[in-house]
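The two complexes that follow have chain A in common; it is paired with chain B in the first and with chain C in the second.
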Partner chain A sequence: MFKINDYTKSREAFLRAEKVIPSGIYGHQGPTEGCYVPVEAFPLFSERAQGSYFWDVDGNRFIDYMCGYGPNILGYNDPDVDAAAAAQRKLEDCVTIPGTKMIEFAELLVDTVHSADWAFFAKNGNDVTTMAVMVSRAYTHRKKIVFFKGYYHGISPWTQKIDYAGVTPEDVSNNIYLDWNDADALARTFDENKGQIAAVIAQPYMHNNFMDNTLPEKDFWQKARKLCTENDTVLIIDDVRAGFRLDLAGSDHYFGFEADLICFCKALANGYNVSALCGKNFLKNAASSLSYTGSYWLSSVPFAAGIACLNKLKALNCPQLLIEKGTRLKEGLIAAAAKYGFDLRVTGVPSLFYLRIADDPSLMLHQEWIAECVKRGVFFTNHHNHFINASLTDEDIAETVAVAEEAFSVVRDRHS
Partner chain B sequence: MFKINDYTKSREAFLRAEKVIPSGIYGHQGPTEGCYVPVEAFPLFSERAQGSYFWDVDGNRFIDYMCGYGPNILGYNDPDVDAAAAAQRKLEDCVTIPGTKMIEFAELLVDTVHSADWAFFAKNGNDVTTMAVMVSRAYTHRKKIVFFKGYYHGISPWTQKIDYAGVTPEDVSNNIYLDWNDADALARTFDENKGQIAAVIAQPYMHNNFMDNTLPEKDFWQKARKLCTENDTVLIIDDVRAGFRLDLAGSDHYFGFEADLICFCKALANGYNVSALCGKNFLKNAASSLSYTGSYWLSSVPFAAGIACLNKLKALNCPQLLIEKGTRLKEGLIAAAAKYGFDLRVTGVPSLFYLRIADDPSLMLHQEWIAECVKRGVFFTNHHNHFINASLTDEDIAETVAVAEEAFSVVRDRHS
Partner chain C sequence: MKDEKTLAFINFYAILGALSELCRLDKGAAALIADKRISVGISVKDGPCGTLLFEKGECRVLQGVGSVNIRLPFSSCAKFNGMIDGTVTPIPSKGFTKISFLTKQFTMLTDMLTRYLRPREEDLADPDFFRISTYLTFYVVSEAISQIGNHDAIGKASASYIVDGTAKLAIGEELGAAVVAKDHCLTTVHAMPDRFFSYMIFEDLALANDLFAGRVNSVACVGMGRIRIGGMISQVDNINRILDRVSLYLA
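On to the complex of A and B.
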C-alpha cells in the first residue's frame, strides 16, 4: 500500500513559521500539542482541499477525519455553500449596518433548533460560551458556574484551568467542577450553594481529549434539567463540537431534554466564520442587556453560507447520514483490529468518534497505529475525537479500513 | 438637495429581526445604542456596498464614514483583495492543518510593523487584547493591569466595567484605572504596586465614544515606556481601531515609541475576518505557553486577503493618503459650520476623526445636525469616531461638505 515518506516541504515551511509565529503553528494543529505526537508521521502544512480530502504541501493526499476540527461537515469546497457565499460577496460583506441575511439565518435557526427562540451571532465558539455565562449571570444575578471535569468550553480566562499560563485565581474563582454523569453530586452542589449557581454548562456528552468519550447515563440529563429548573439556574449546552452531527434540532433534543442556552459554531457554515448563541425567550432581555459585539459579527457572507449549509444539512438529513457512515467505519475498524489481536475502542456518537486501543495504558501502541495510518494517507489524530463529513464515500471508508488493517499488521509485527 | 424620507423596508426588516435576535441588531449598529440616537434618521439594514458607499434596503445611497466600524480601509469590494481571497478559496480555507499563507502573512507583518518580531492570528480584536493580557501575566507572573479611563479593549469580562450586565467583581478585581495622559499618576501607581503590575494596556491615543478624542501629550508615551521598562511591565498597545490608519509600522511608531505587544484587527484585511497579536521576541515563549486557539483561526482565505490588503496599503502609502483626505474633509466641515455660527470640533487624527458641535453640553444640536446629514446621504454617527477609506474621492468630500453645510443651515434655522 502507498506509504508517504516525504514531508520535506512541510518541515521547511515549519522552520519558516517558527521564526515569525509563536510555536510555529498554534492550537491542536501544532506539533507541540498532545493530540499530534508522534509528530514525525504527520504533515504540517496543507495546499488544497476538496470533499473528504486535503493535500499537503508535498503533494500527499489524506482522507481527512478531522474536518478542520469540525467545520467541514458537507465536504471541503461544497459547491452550494460556496456559490451562496460568492453571490453574497458580490453585494456586500462587512458593512456599517447589517444586511437582512442576518435575520434570515436567525429565522432558520429558530425554525430548526428545538430550544431556540432567538439567535445571536459571533465568530468563535468561545464568544458564545462566554456570552452564555454572562447572560446567565445577568439573568440570575448570581456568580457561580458548574462545569463537568474534562470539559472544554474555549479559551477565555474564565474557562481555563487555574494552573494554565496567563490565568489568575480570580478568573476561575466562581467555578465549581463536578464529575460527568454524577447527578447526585449535582443535587448536593445545588443544596450546598442555594441561590448562588447562575448556570450549569456542559457538552451534550463527554467528548474530551485523552479519554474514551462517554455518553450521558440514563436519565442524567433529565435529572440535571429538573435540578436547574427547580433552582432557577440556566442550563447551557455547549454544542460547538457536536452540533448538527447528532441532531439538527440540537444535541439536547438528541438526548431528550431542552437546554436554556445552546452554543453553536463549527458545523454552522461549512467553514465560513460564524458562531451562534441560541436561547429561550425568558433569557432574551438578559442577552440584550449585555455589552457584547465584535468587528466582523454582522458580516453577511458567513450568514449566506450558513443558510445554504443548514438547508443542505436538512435536505440530506445529515446527522443520520453521518452516523450511518461513522457506524460503518467503526465496524470496519474494530474488525480490522480484531484480526491482529487488538481491542479497538470506538466511543462517542459515530459521527464524532474517539479511538483508543485498549489494554495499552501508555497509549504508545495506539500512537504507533495512528502514525502508520497517517503515513498511508488516512488522517486520524492520536487523542482527539474525529469528525465525519457528508462527502465521505463508501470507497473512502473501504480505503480507510484497508489502511487501518495494514497499520495494525505493522504494529503487531513490530511487537510480536 | 436630495433628502431621504423612506426607510420603510429598514423598519419592516427590523420588526422581523426583533422577533428572532436579541435587540434586533446588536452592538453599536443597533438602534438602542448611544452612538445612533436619534435613530429615526438612520437606515437599519444594508443591501450592497461598493467603494465609499453602501445602499440600504430602501435603495438609498450613503457616503459611509463608518467603514464597517473600521474594516473598510481600501473601499468596499476592493478588487485586488477580493481576487486574492477568491484565488485562495478555490484551493482551501478552513482545513485541518494550516496553509502557508499564514506564514507569509506573519512574515509580512513582522517586516512592516516596527514592534513585531512575531505574529499570532485570531478572529476578534477581543481575542488578541485578551491574549495580550494573558501573555503579560504568563511572562511576569503578576496579575494587575493598568487601564486608562475611557478605554475600549473588547467585550471579555476582564475588560468590561463592574456595573455592566453579566460581569462579576472578580472579573475586574485586578484592574487599575488611571486618567489618560497622566504620567505622574502612572509613576505613583507603579510605586504603590511594586512588582505587581503585569501590563499597561492603552489605545495609541484616546479615541473613545462620547468625548473629544485626545492625542498623547508631549512625552507621555516616552514616560510611560520608560516606566514600563523600569518596572519589567509589558506595554500593550491596542491598535484594533487606529491600526494602519496612522502608520503602517504601528501607531506606537507614529507616536515615537515601541510597544511590547500590539493588537491589530479591523483594517488588517479590508473586511475579511482576521485579527493579529504582534510582539517582541522576549514575549514569544510566553505566547507559546498559552492554551489559546479557535475553530477558524488557521483559515487561509483571510490570510490571503490580509496579504493583498497590506501590500496595497503599502503601495498607496495609505495612512498618509487617509490623513490628507481626512484633513481636507475636516477643513471643509469646520468652514461649513462657521458659516452658520457653529463651532465644530474635529478631534483625533484626521483619518479617524471625532465630531462634536461645541457649546452644546446636551449634545442635542449635534444630534440634530448629524441626523440632517444622514437624511441627505452622508453616514456619520453621533458619538463615535469616524473612519476614512482610500476609495473616498474628492467629489465625495465635496458632496459631504455641501450636505454638512445644508444640514447646519437647517439646524440654525430651527433654533434662531
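On to the complex of A and C.
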C-alpha cells in the first residue's frame, strides 16, 4: 500500500496566493486549467525538484510525468546543463549588448535542425509562434492563417478563440480552422482563398486535450507541404511541445517533410528560459524586417544552457531513449489497467504520451484513477499529454506501474 | 456587444420564464393569480413566440401562440426588449377586456421578480428572500446560457465546441439544472439531472449568490474546491465562456 499524500501546506499556500494573485495560480499550472479533479488529490505548490522528481511544500515526493509541461527533458537540475549555465553566469547574462553564446547556439541549432538555416531567439513558445506568423505575413503580404482544430499555439489573441475573454472578433478574423488530417479540406481552402493564405501552422501531430492524440495519416504532411509550396504559403511547424522528444532534427524530419519555419521552446534548454524560431534562408530577410525584441531575449545564460542541453541530447540519442522509456511505461500501464478490467488507451508518441480510460466516455472514471495515482505520488494530469525525461529510471517506471495498479484496484473496488 | 435577438430570447425564456419559478417559490406571487386562468401570447417578429399561462396560482411557459386571452405582438426584438425594460408600452391585438391583468397582476409579478433578481442588500439579509433570490437567479442564468449559446454570434462559437451530452449545473445537492447539448444546440432543463456527461457544482447558495453578483472569482473557487468541475470538462469550460456573456446581457 502506498502512502496517501497530505496537502495541508499546499492548501494554506493557495489561500495566501488567492488574496494577491488572480485565480491563485493562473494558467495551465493551476488547478482549473490543469483539470485537478478533485482538487484535493493534487499538490498545488512545489518546493524542490531533482531528476524525475519534485517535492511539494508538504514534503510529498512525486515521479513527475509533466516535466514542467515539457522543459525538463534531461532531468531537473541536470549537472551538465547547470554547470554550463553557472559558468556563463559568472561571466555575464543580461547585458547591454549580446554575448557570442548567442551565435554559438544559433550555429548549433542550424547544424542540428534539418530545416534550419537560421535561428532567432526569444523566451516563450508564444513569442516564436507569433513571430512565425508575422514572418509569414511579412514575406507573403497576406493575412490569412490556416489552423487545425484542437491546436494550441500559445496565448496571444491570434492564437485564442473568438469567445475567449479579452479576445475580439478582429483578433481572429483571419483564422481558418480545418479538421486535422484533412488534406482535401486544405486543398479546397487554398482554392477558395487563392493568394490570401500567408501560412499553415500546425503541431507535428495532434496532441490536443480531452481526446486521444492523433498521428498524421500517411502522406498527410507530404500533401500539405506540396500545397503550401504550390500556393507560395509558408508552412510553420509548432514544435514547442514535441520538439526534441521525437527527433533532434525536428519533428518535421521525423515525419518526413520540411517545414519553412519551426518553433522550439520547452525542451530547448532543460528549463532555462529560451525559445527559438528556426527557418529557411528565403525567410531570413522577412525575419530581419520585423520589429520584434524583448529585454531578456539575448541573455547569455539560457544560451549556454541550451548549448549544453542540445549537446547532451545528441550524446544520449535522447529521442530514441525517451521513446523506449515511454514504451516500457505504456506497456506497464496498459497491463496494470487490464488486470483490473480497464481499457487504458495510451496515444501519441510514447515520449509524450496521452492517457485515457476508454470505459467511460465522460472521463469521470479516468479522473478518479488519475486522482488515485497523484495521491500516491505519481504526477499525471487528467487531459494533457505527458512527458518523459532522460533521468527516468526503470525503478521509477516500475514504481509508477505499481502505483497505477493500486489506483486501478481502488477504482475497481469503488465501482464493483 | 449585445444582440437584440439574443436579448429577446433571454427576456422571454429566462426572465418571463422565471415567473413560473417565482409563483412556485413565493406564496404572495402565487396568491396574485390564485383565482385566475388567463393566457398571454407574445409573438416577436424574428424573435421568440410563446404563451404565458397563468392558472390557479401557477405560471407555465408554452411554445407558440394559439388561442389566447391576450395577444401581444411586437414588430421587432428591440420593441419587446423595450417592454421588458419598461421603455415600451405593449399594445394588445387581442384581449382588450382583459388588459387589467397586464396592468395589475402581471405588472405586480414582474415587479416582484425584479426585486428578487436585482436585490437590495437589506433584502438579502432575510434568509427566505436570499434563498428565493438565488433560486430565481440560478433559473435565469441557466436558461440564459442556452439562449446565448443558440442565438448570440460569439455564444454560438462556444456552443460549436460543446460535445453532445448533458452538463449538470448545480448548487450543492439543493438545486440543479441540465444544459443539454445536441448538435451544438443547447436546451436547459430546469431539474437536477440523474445522468450527466460533465458537471459544475457550486458549494452552496451563498457562493452561487456571490458568483452571480461578481463578488468572487470562479477560477479561484475551483482551486479552493468551492466549485467542483469534472467529467467532460471541455463541456463546462465552453459553457463557462457562455456564462461570461450572461452578465453582459443581464447587466
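Methods note: the second predicted complex is superposed on the first by the 414 of 416 C-alpha atoms of A that agree within 3 Å, B and C clash if a C-alpha of one lies under 4 Å from a C-alpha of the other, contacts with A are read in each partner's own complex, and residues count from 1 in each chain.
Everything below uses one rule, namely that a contact is a pair of C-beta atoms (placed from the backbone, for glycine too) under 8 Å apart; a residue touches a chain by one contact, two chains touch by 3 or more.
In this text the structure is predicted, and so the values were computed from the model without any measurement.
S.K.: Do chain B and chain C fit side by side on chain A after the overlay, or clash?
M.R.: When both complexes are placed onto chain A, chain B and chain C end up side by side without any clash.
S.K.: Between chain B (first) and chain C (second), which does A:Ser23 come into contact with in this model arrangement: first, second, both, or neither?
M.R.: Both partners.
S.K.: For A:His383, select first, second, both or neither according to whether it touches chain B, chain C, the two together, or no partner.
M.R.: second
S.K.: If you stack the two complexes on chain A, which partner ends up touching A:Asn72: first (chain B), second (chain C), both, or neither?
M.R.: First partner only.
S.K.: A:Leu44 contacts which: chain B (first), chain C (second), both, neither?
M.R.: Touch status of A:Leu44: both partners.
S.K.: Going by the contact rule set out at the top, does A:Ser362 touch chain B (first), chain C (second), both, or neither?
M.R.: second
S.K.: Is A:Lys143 in contact with chain B, with chain C, with both, or with neither (first, second, both, neither)?
M.R.: first
S.K.: Considering only touches as defined above, state whether A:Ala336 meets chain B (first), chain C (second), both or neither.
M.R.: Touch status of A:Ala336: no partner.
S.K.: Once the structures are superposed on A, label A:Tyr164 by its partner contacts, choosing first (chain B), second (chain C), both or neither.
M.R.: Both partners, chain B and chain C.
S.K.: When both complexes are superposed, which of chain B and chain C contacts more residues belonging to chain A?
M.R.: Larger number of chain A residues touched: B.
S.K.: With the two complexes overlaid on chain A, what is the closest approach of chain B to chain C, counting only CA atoms, in Å?
M.R.: 5
S.K.: Could you pull out which residues of chain A sit against chain B in one structure and against chain C in the other?
M.R.: In chain A, positions 22-23, 25-26, 32, 44, 164-165 sit in both the chain B and chain C interfaces.
S.K.: Could you list, by residue number, the parts of chain A that touch chain C in their complex?
M.R.: Result: residues 14-15, 18, 22-26, 30-32, 35, 37-40, 44, 161-165, 169, 209-210, 361-364, 367, 382-383 of chain A touch chain C.
S.K.: Could you list, by residue number, the parts of chain B that touch chain A in their complex?
M.R.: 13, 16-17, 20-23, 25-29, 32, 42-49, 54, 56-57, 64, 66-72, 76-77, 82, 86, 89-100, 102-103, 106-107, 109-110, 117-120, 122-127, 130, 133-138, 143, 154-158, 160, 164-168, 170-171, 173-174, 240, 265-266, 271-273, 275, 284-299, 302, 379
S.K.: Which positions of chain C touch chain A when the two form their complex?
M.R.: 154-155, 157-158, 161, 165, 196-198, 217, 219-220, 222-225, 228-234, 238, 241-242, 244-245
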